[in-house]
């Protein structure tokens, strides 16, 4: 049994972690923290847990002995309570942004201000099994990428690594309201947020830096909030290499993803779901990757979709936990998704 | 020109009033009040007004001379600033609940606590032209009914008055998120409020009292929040009088509503909109009223729909203003609604 | 291993069955039928199955040897192909309406026309483990109840059986668009169906008969289509017995459901999900049952929610299959549901 | 009084035209055509017209004498009935795509096959008053641009004409389900279409040609279907000219649009609606145009939003009609839009 | 103006009406069949209610 | 009518304007601070952009 504590258990990522970990046969959740709800039952604000646990929230600074710390709270990696647990040997899996960027200058550009802990960021292994599985089996600090970054990296990296695309990419991200967390306030009031196409980041989205770091590409990225609670999609416009064919693309993806449990290549000629569509991935740990290639006009668009709280956050973190602790990689992540929905 | 001040101009009802009154050819909006946004432009939080006004919010207690005060703020009828204007001769049209119930005991049961101004409630004319048009032409204090109450009253009153239904009615109301105003907070966060069927009042809804007062019926009412921003619908289950026929029902409604500009009887055999459907009424001042009568089993259901911010609030208030000030009754309320939507 | 064939595999219920059964460790899906899509891959129209099966549709009349037949196609129970399999010993689990009503006269009233197979309906065991678990362990013909009927029965039956409520109930059902299946046509076009409160059955809904049969109550029921794809909710207005207390209600529910794996009693004082809410049950096999009791005014409302394709159809059928075949009852039905969503 | 016939009156564009023209004080609708619904009332499938007209559909080939023909049916411009009316002197305003492209080769590339009437396309004046007001006052054939094309042209043209942007633009369009009309069939079933981010045109969208023709730019365009009934938005990524400032952009837009009744420049620092958002434009004839300029990184994104059935189709056609017939340009188009919605 | 046999609402029958022509009641949308022209006799046409169920 | 220092849009400054009063540009919604009344000098107030992110 792996003992796990969830820091920031009351948030949306925290709740998703608990949903996956409480029924996980190889994991015991020893704590979930929240200052706001300290002492209250975790199934109070996470209603899908009703009937499955009697756990209550501990305050953020009261962390028990554990094997793994899952951080779903901004800034938590630097807190004293977390540092103490880490020093006692706990593996750290951080879902927040702080440890994702190895380069402090890049951090400064995108987050403003100095990096709170450059030495920690320097050693963190990116929490993306598709790119770093071997390193993850023994990593002590794991930095799970951002939700749209994960999608874009999984779409771009195989083609970039194979030299099939040019150096520049334009990423257009779309995301549901859970992407801003459970404490978003007035901008997320239902009557305001429903039905929007809110171009909250016309350009310069923070995930540019993560995608560039993982793929070596020069990345420009914008993002729009859409009328959904969960789900994210990225469209990546790239320049195809000379002479590129559809077969080359499929071959490159196949080579990379044939054995991946959670990446599917979806580029079909028929049906309502020809390209990656977030809605059928809600609750899953899948990232569907697809593409559209118009060879005649040299237009190549790579598309990826996932659940921002699933493969885009909590699900991916659980996959990393499984990899790190030597558990079957799909454990706790078996849900296939819903259709219709 | 009628000079109008809108108290509570920054709320959803306030915004809807401004949308109707700023282009109203016979009205000048001399003030819109908000403490929270005092000094800011009204088109800042009401984006549909952009390009149509340079008005800024005045604080609630800074009310200029005016002919009519439209109150879209809870408790405003009793404020010193409002009382001063009323004493100076302004007509009061209150969209809030305080002046709707003539009987202080009923107020106590449904609102808890003493009525803040029973003498004002005693003289207020209900702001429902379909029932009180004559009185409204010279009323000094007008109390616009609640949104679902308006729908239920318009469905029930003609049949109750004609003795076509029994004394008891069970009302089932459904309403979108704007019904709780722009300041609803966490319960209305998009990720929580989207997709709900939230039975916020299984029974004992406050509008029971208003419906009972207007129809003389004994009313039980529950209500559910549904996934919509605007729109309200009521289903009223009543007992048909012995021997009642469909023709009797239609005749009663026709007698009452044939000349009403904003009530339509909708009970059709065909199409996607056979019975009153709120979505095609958004932005309008219509209340559609319909029914389903299964004579064989003695089941009669009266159904009404409206936009809670339209005929359920601001639109109805503007209609009252038109009636009271001798303006054409449809003025400012011409919008037909959208389909598809 | 239990060999299962799904008749009507291309529909929404069929797809949900496949989603649950393909990963089911004790089941082999030996066939899924569709005439419309015969020969095509099942993951063509059920995109969540991509990566999990290479199955293709067989025509409805080409049914292989199997242990269990799951019928998700109207009228299929009477087809020659199905009869042949049944005669060869296959257990029949029918999710369609034909075998639900034991009394031919009731069938006639609600479905019009003669019952196609009264002798089959006479022997069918209702597919509701909560009421018929023992009989289901050896039933050869199982008739899974309708989605809203299941919800209403689970809300009403414990109190009715305990004599805590009067003989009459008024059921108000609300349901998403998947409730009319994948072939609904123009009435379900997105631009028409989005945002509706479509009172498609003001009274006389067919599920009246099923609820009456299961509870012994006199049932009146109406239903409204709401803006959701999945999910159903029923509000049941009943008369409380004299002297009834909240404790009596909780005790009766607890006695019945304490050990049930898929029924939870939800009636809480706090939070966004105080009463049964379908949206957090999507994809699950749960039916949440709750109530609101205003003793002072004698108003008792029982509320239940489920996923119409889950506990309201396919999930319940899989639960019945597990019970019948001696498998662990939760097998294949472990999904906890999503929040937020 | 201007006598107008609407060809294709039963479609979504046709319905929107009727909604605007039936209450239009200077227009008489002398016919609305539909073969499918010939003889039926126009308020049968357009429920917002109930109470406002007794008109019934004429078959497409039964066109009465009229001053203006509004075509809301694909291919109608070439039909005998329409030709006869045109020869008799009726002004033609076509909302379909056939007459939009002056160059037959371009038509061939984007529509496949020969242009059905190149000589008609050659003389048609683009139905965009912001660019062609003078010509429209005496045009006999008017070709209203496509919905997303209109948005993109209004965003791009002022800056392109002023030499403020480079020659290439990448357009990302997003549109609701009404964009594919009322007869879209299975792809638009509610359960399939709800919640989508359907990348129906990853690249090569037909509106490329219209935008290029109007702006002189080299255009690449993709488009995504989003979960909305109405509304369209375009993001146009362009290269800023050297030394460009925010002030230059604003000045160029201001110069062009200061006196335009239906274009607003929306690029604000605050609030929930800082950039053009379609949802607050539903039912209106506005096109909101905005931009985001990150001078430091040379990133310029132009954004425009409109209602695809409003300024993107029927509304724009009515504006053209007003211009052509010498009526006040805003007549029939006064609706300000709704917030919240 | 005739009265709809279903709902009593007013139906304006065109002068040119022919035997067996189908009219639509503006109020209840019943289909009304012209049974005789002179004298004018109308009746509710056989019910073919469209399905609206779920 | 003054010009907004941020966007060049027109801002009508009330006659009664006071030192350090904050105005709002109707075009870009920048907050504009009155730095001096006579002569009238206005400047963009320090940026406190609200968060709009996800």
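Order of writing sets the chain letters: A, B, C, D, E and F. Residues in each chain are counted from 1.
One rule holds in what follows: contacts are C-beta pairs under 8 Å (C-beta built on N, C-alpha and C of every residue); 3 or more make two chains touch, one makes a residue touch a chain.
Small disclaimer: the values here were computed from a predicted structure and weren't measured.
The chain pair with more C-beta contacts between its two chains, of B-E and B-F, is B-E. Averaging Cα atoms per chain gives one point for each, and the point farthest from that of chain C is the centre of F.
Looking at which positions face the partner, chain A and chain D present mostly the same ones, since more than half of the interface numbers are shared.
In the Cα superposition of chain A onto chain B, the rotation angle, rounded to steps of 5, is 180 degrees.
A straight line joining the Cα centres of chain D and chain E is 39 Å long.
Remark: chain A and chain C have CA centroids separated by 35 Å (rounded to whole angstrom).
For chain F, residues that reach two or more other chains under the stated contact definition are 29, 50, 52.
The set of chain C residues that touch two or more partner chains comprises 12, 177-178, 182, 187, 191-192, 194-195, 198, 229, 272, 277, 340-341.
The touching residues of chain B, counted against chain A in their complex, run 12, 176-178, 182, 184, 188-195, 229. Residues of chain A touching chain C in their complex: 12, 15, 19, 23, 44-52, 178, 182, 229-230, 264, 266, 270-273, 277, 280, 282-283, 334-341. By the touch rule above, chain E contacts chain D in their complex via residues 12, 22, 24, 26, 29. Listed in rising order, the residues of chain D touching chain F in the complex are 246-247, 250-251, 254, 265, 267-272, 274.
Of all residues in chain C, those touching chain B in their complex are 170, 172, 174, 186-187, 191-192, 194-199, 202-204, 220, 222, 224, 226-228, 231, 233, 235, 237, 272, 275, 277-279, 292, 294, 297, 299, 301, 303, 305, 340-341.
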